[in-house]
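My questions all concern the structure below.
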Amino acid sequence: MEPTCSPAPKPQAKAPAYKLTSRVTHPQNSLIPLGSFVIGGPEFIIMAGPCSVEADPQMLGTAWDVKVAGAHIIRGGAFKPRSSPYSFQGLAEEGLKKLASARELTGLAIVTEVMDSTDVDLVSSYADILQVGARNAQNFSLLKRLGQLNKPILLKRGLMNTVEEFLCSAEYILAGGNPNVILCERGIRTFETSTRNTLDLSSVLAIKEKSHLPVIVDPSHASGKAHYVAPLSKAALAVGADGLMIEVHCDPANALCDGEESLNPEQFKELMLTLKDLAPHFGRQISTIANHNPQLAENA
Amino acid sequence: MEPTCSPAPKPQAKAPAYKLTSRVTHPQNSLIPLGSFVIGGPEFIIMAGPCSVEADPQMLGTAWDVKVAGAHIIRGGAFKPRSSPYSFQGLAEEGLKKLASARELTGLAIVTEVMDSTDVDLVSSYADILQVGARNAQNFSLLKRLGQLNKPILLKRGLMNTVEEFLCSAEYILAGGNPNVILCERGIRTFETSTRNTLDLSSVLAIKEKSHLPVIVDPSHASGKAHYVAPLSKAALAVGADGLMIEVHCDPANALCDGEESLNPEQFKELMLTLKDLAPHFGRQISTIANHNPQLAENA
Amino acid sequence: MEPTCSPAPKPQAKAPAYKLTSRVTHPQNSLIPLGSFVIGGPEFIIMAGPCSVEADPQMLGTAWDVKVAGAHIIRGGAFKPRSSPYSFQGLAEEGLKKLASARELTGLAIVTEVMDSTDVDLVSSYADILQVGARNAQNFSLLKRLGQLNKPILLKRGLMNTVEEFLCSAEYILAGGNPNVILCERGIRTFETSTRNTLDLSSVLAIKEKSHLPVIVDPSHASGKAHYVAPLSKAALAVGADGLMIEVHCDPANALCDGEESLNPEQFKELMLTLKDLAPHFGRQISTIANHNPQLAENA
Amino acid sequence: MEPTCSPAPKPQAKAPAYKLTSRVTHPQNSLIPLGSFVIGGPEFIIMAGPCSVEADPQMLGTAWDVKVAGAHIIRGGAFKPRSSPYSFQGLAEEGLKKLASARELTGLAIVTEVMDSTDVDLVSSYADILQVGARNAQNFSLLKRLGQLNKPILLKRGLMNTVEEFLCSAEYILAGGNPNVILCERGIRTFETSTRNTLDLSSVLAIKEKSHLPVIVDPSHASGKAHYVAPLSKAALAVGADGLMIEVHCDPANALCDGEESLNPEQFKELMLTLKDLAPHFGRQISTIANHNPQLAENA
C-alpha cells in the first residue's frame, strides 16, 4: 500500500528558494536507499541505538537487540555535540570502529553524526548514513561538503529553524549534487519546559506539502522522557512520517548521556510490535518483523 | 477497553500547586458527563461545528451534518474573541438561540464560548458546556465564576501557557467547587509560521501524567489549515487524547471566520469514518457511528 | 525640549486594523493627563509602589517614600492575578481604600489593576488610572467596558502578544470612546530563563512608529530581579520610552509577592536621582525632583 | 571612570559548567586587547562596517568613513552565512584581501566571520579578530579550533541559545587555551515579527553577573531596521554593554545584503557623536573622537 501523505500542492508558477528540495521541481516522493531498505516508500523505517557509542558489549549488545526487534538501521554517536566542553565528547574513531563491528554483526547499515567538515572523510569511510545534528543545521560549510558525497545524509531540523530554513539547509546538500537527504523533526525550542523540546508534528505535514524528501521523527530527543517515546512514535506514524529515530540503551540508568530518554531493549521490542500492528492502518509496513498473532503481540 | 494513558506517576509525597487537579490527590481518570456521553472513558469524544454561529440554515444544516457523521457535541461561537474590534463579534444571544435550535434538532449537547463573567448567567442558560477561550485562559475572575457552576467547562490552553499554568487555571475552577473540567490543547505560540499555532501533542502526555482531567485536541485552531486537520486528528488519537474539537462549516469559502481551517461536511464525515476504524487500535471507540464494511473496520 | 521619538512614518494610504490607535489617523503624539502631570510630553513619568497593597503602614509608608523620591503616580495591587488560586489574591476593596489613603497623604494619583468587567465600577470609584494586566491583555469584554470610561487606562502588553495585537487591544478601548490609553511593555515570554520575562525594548520603537499613544516600561516584572531594574530603567529612558513603572516595597524580603524584583525605598531614591540627571540627555525631564548638586547633574 | 557593571555576585561555593568563563573563578572583568584598544575597560568599543565586503571602492570608502567617525574596529564579511545556497556567499579570500587593504588604509584592526574549522588558518592569516556567527554558536568543532588560537574571538549568541549555553560555548574557546573572547548579544528568535530578532538587553546584565568576559551589542542584526539602530545603541550603552557592532554601508539601498538595517556614513557619524556625548554618563568614553562643543554636535 502506498504511503498516504498530504496531497501534493497545486503546481505553482514559481519555485521557492529551495528549488531542488521543492515539490514544484520534483512532484514525486523521493525514494532513498538506506542499506537494504528504501525510505520514502511503504516501509516505515526505524533507526535505533544508543545516544553514544560506549564500550563494546554495550554497542554490540544493543545493536543485536534492536536488530532482532526489527530496526532497519543502527544509530550511535561517536562524535557527540555537548553544550559543555567537559562532558563526554564521544569515542571518535574508536566509536566508529565499534559501529562498524555492529554492522558486521547485524548486517544493518549504520548512521552516525559528523560534526565538522574536517571529519567528513573519516566518518564517511565508516558510516553508511551521515547525520547532521540540530546544532549544525545551519553549518553551511558542513552542508556544502556533504553535498559532494553520494551517501545519504540525515539532516536534523535546528532547534530554532523554521520549516523554510530547514528546507533551505537541505537545498545546500542537493545543490552540491547529493540528492539523498532524509529530514528529521526532533522538536523545536519553545517556552514549554515539561519536555526537553516541543515536538512539532505539524512540520511533517508542512514538509511533505513543500518537499519530496522523506521525513522521520525523533521522539527521544524531542521529549527527553523515555515513557513519552511510545505514544509520540504512534502519533508520528499517524501523522504520516516516513520513519522514526529511537534511542535505545541496554542499561539506560547508566548511559553516558540521554539515559532518561532511552528505551531499554524490552521496551523497544514492545514498541516495535505495536508499530508493526498499527502500520498498515496508515499505509505503511514494517517488513523486518514476521507476521504474528496480534493477540500474542505482548507475549512475543 | 480502557483508554491507555501514560502510566500514573509514582505517588508523590507533596501535591503540586494544582492540588485538586493533580493525580496525586485523585489518581483515577475523571469521567465527566457530556450530554448523553461520558468523556475520559473509552468513547473518543468529537465536538464539531462552525467557528461562529451564522444564519439559521448554516447552523442547523451544519449541526445536522455533524450529527449524522457521528459527532457527540455541537460547537458554535456566539461570542467571538476577535483581535480587532472591527471584526465580526458574534451574534450574541441570537447565536445562543440558534445553538439551542440545533440541540433541539439533533438531540446533541452544545458547547459555546463565554467571554466574560457578566455573560455567565446568560450563556449557561443556553449552553450545556461552557468554553473558556485561549485568550482568557488566565482570566482568573472568569474561572472563579465558572467554578460556581456545575456544568462542564471546556478550558482551552493559553497560547503561551505552560502545562503547569494550564493546570493551575483548571485548579481555579475545581477550587470553586466545579469538578467538571475538560482541558483542550489547541497549539501554542512559537516562532514557526507555517502553521497558525504549533500543536503540542506532548502536552497531552504531560497533562495525563500530572492530572486526572480529560484532555481533547483542537487541530483546527492549532494548524489553521483544513488539510492538516485529518492527519493531526489521527495523531491526537494515537497519542492518547480523549477527543477532538473540529471546525466544520457547510461552506468554508464563505465562512465569517476561520474558513481556511474548517472542514466541509463531506470531509468531516470521511474523517469520522477513518477515526471510527482507527479508534479500537488505541483503546477507544466511537459508538455514534454504526459498524460498517468489515474490510474497512477492524473488529471493534 | 520635546521628547525625541522615532520619526513618524511617511503617510500611508491605508490605515491598519488599529485605526484610532494608529499614527496614520493621529500623527501627533497623544498627551494624556495623569493626575497633575501629563504623559507623552517631556516629563518622564514614574509610577511606583508595591506589587500588592498590604497592611496600612506598608502602603502609606511606601507611598510617602516614593513621593519624596519624585514618583508621579502611586501604584499598588488590590486585585492580584495569581497563577494559583491558593496564592494571596489581594485585599480587594480594603486595598482600594488604603490606596485612597495613600493618595490623600501624598497628593499623587493612584493606578491599580482591574481584573474583571464586574469590578470596573468599584475600581474606578477609587482609582485615577485603571490597569489591565498582561494576562488580560486580550480580555476583550474588559477592554470594551473600559472604553466606556474617561479615566486613563494603563494597558500592559500580553506575555505573548505581538505589537500588532497589542495595538489592536488598545483599539478596543479607543473604539469604545476612551482615548486615554497608556501602553506598557513588561517583557514577553521566550525560551530564556535567566530573567522572568524578556524585556523587548524594541517594541517601544515599533509602538512609537505605528501609534501616537505613550508607552512606558516595567523593568520589574520584565526582569524579576531587583538588581536589574536600574540598568533596564536607564535603557528604557535611552530608547525613548515615556516613563517607567517600578515596584518598590519598604521591606522586599517580606513582601507578599514579587519581593525579589522590588526595590527598597533607598534604592528607588538613588535610581530617581540617576534618572533625574540622565533625563535631559534624552529629551526628558523629571520635574518632581529639585535640581541638586550641579556636579551630579547636567544643566537641565 | 571605571565602567559600571552589575555588582559581582556573592562568591559561590561551586563553579558552574562554564568554569573558566565564570566570575567565580575570575572575579575581575577581563580586559582584551583589540588592535590598539582594549575592550572591557572604560573605552566603549565600536566595530563598524558593511555586512559583506563588496567591491574595493565600497570597502575602502566605508572603512575610511567609519574610521573618521571614530570607530575602533572595521568589520566586513568575506564568508557569508546565507540561508539559501543561491544567495551571495561572500568574496572569500578576495574579500579578506580587501579587508587587509582597509586595515592598511585606516590603521584599524579588522574583524570578520570564519564559518568552518577548515577556514581558520586562512582567515586568521588576515583577520585580527575572528567572528563566530549566530548560526555557528554551537559549532563545537569550530569553537575548539578557535581555542587553539591566541587571537581574539568575537562570539555571537545563537538565535535560540540561553545565556547559559552562550557561556558554555565561550567555555569551549577558553578551555582550548584562548582567553580572548568577546561576547555579542544580537537578538534572539521569538514570536515577535516587527523586528528581525528580539534584542535581549537583559542578557548583558545576566552575562556580566555570571561572567568576566566583555559583551557588546549588535543592534543592526537584532532589529533589521536602520532607524532602530540609534535608539537601541543608546539603550545598549545605558544598560552597561562594553561596545557595539554597527552595520554601515556607503549605499545601503544597493547593498548586497542587509541594506535595510545598515546606516549610511552620515547617519553613523551622527550616532558616534551622540554616543561620544552620552558615554561619560555611563562610565564610558569614546576617545577616538576629539572633544567638541556639545551644542554643535548635530552640526558636525
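Order of writing sets the labels: A, B, C and D. Residues in every chain begin at 1.
The rule we apply is simple: contacts are C-beta pairs under 8 Å (C-beta built on N, C-alpha and C of every residue); 3 or more make two chains touch, one makes a residue touch a chain.
Owing to the predicted nature of the structure, the values given are computational and were not obtained by experimental measurement.
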Original post:
Which chains end up together, and which apart, when chain C is taken out?
Top reply: one piece
Original post:
How many Å are there between the centre of chain B and the centre of chain C, using C-alpha atoms for each centre?
Top reply: 37
Subject >> Separation of mean Cα positions, chain D and chain B [Å, integer] >> reply: 49
Original post:
Cα centroid separation between chain C and chain D, in whole Å?
Top reply: 33
Original post:
Got the chain A residues that touch at least 2 other chains?
Top reply: 160, 189-191
Original post:
So what shape is it, when you link every pair of chains that touch: line, ring, star, complete or other?
Top reply: complete
Original post:
So in the complex, which bits of chain A are touching chain C?
Top reply: 189-191
**OP:** Using the touch rule from the top, collect the residues of chain A that touch chain B in their complex.
**Re:** 6-7, 160, 162-164, 188, 190-195, 198-206, 222-223, 225, 227-228, 231-232, 234-240, 277-278, 281-282
Subject >> Residues of chain C touching chain B in the complex >> reply: 17-19, 81-86, 115-119, 135-136, 138-142, 144, 158-160, 165, 168-169, 171-172, 175, 189
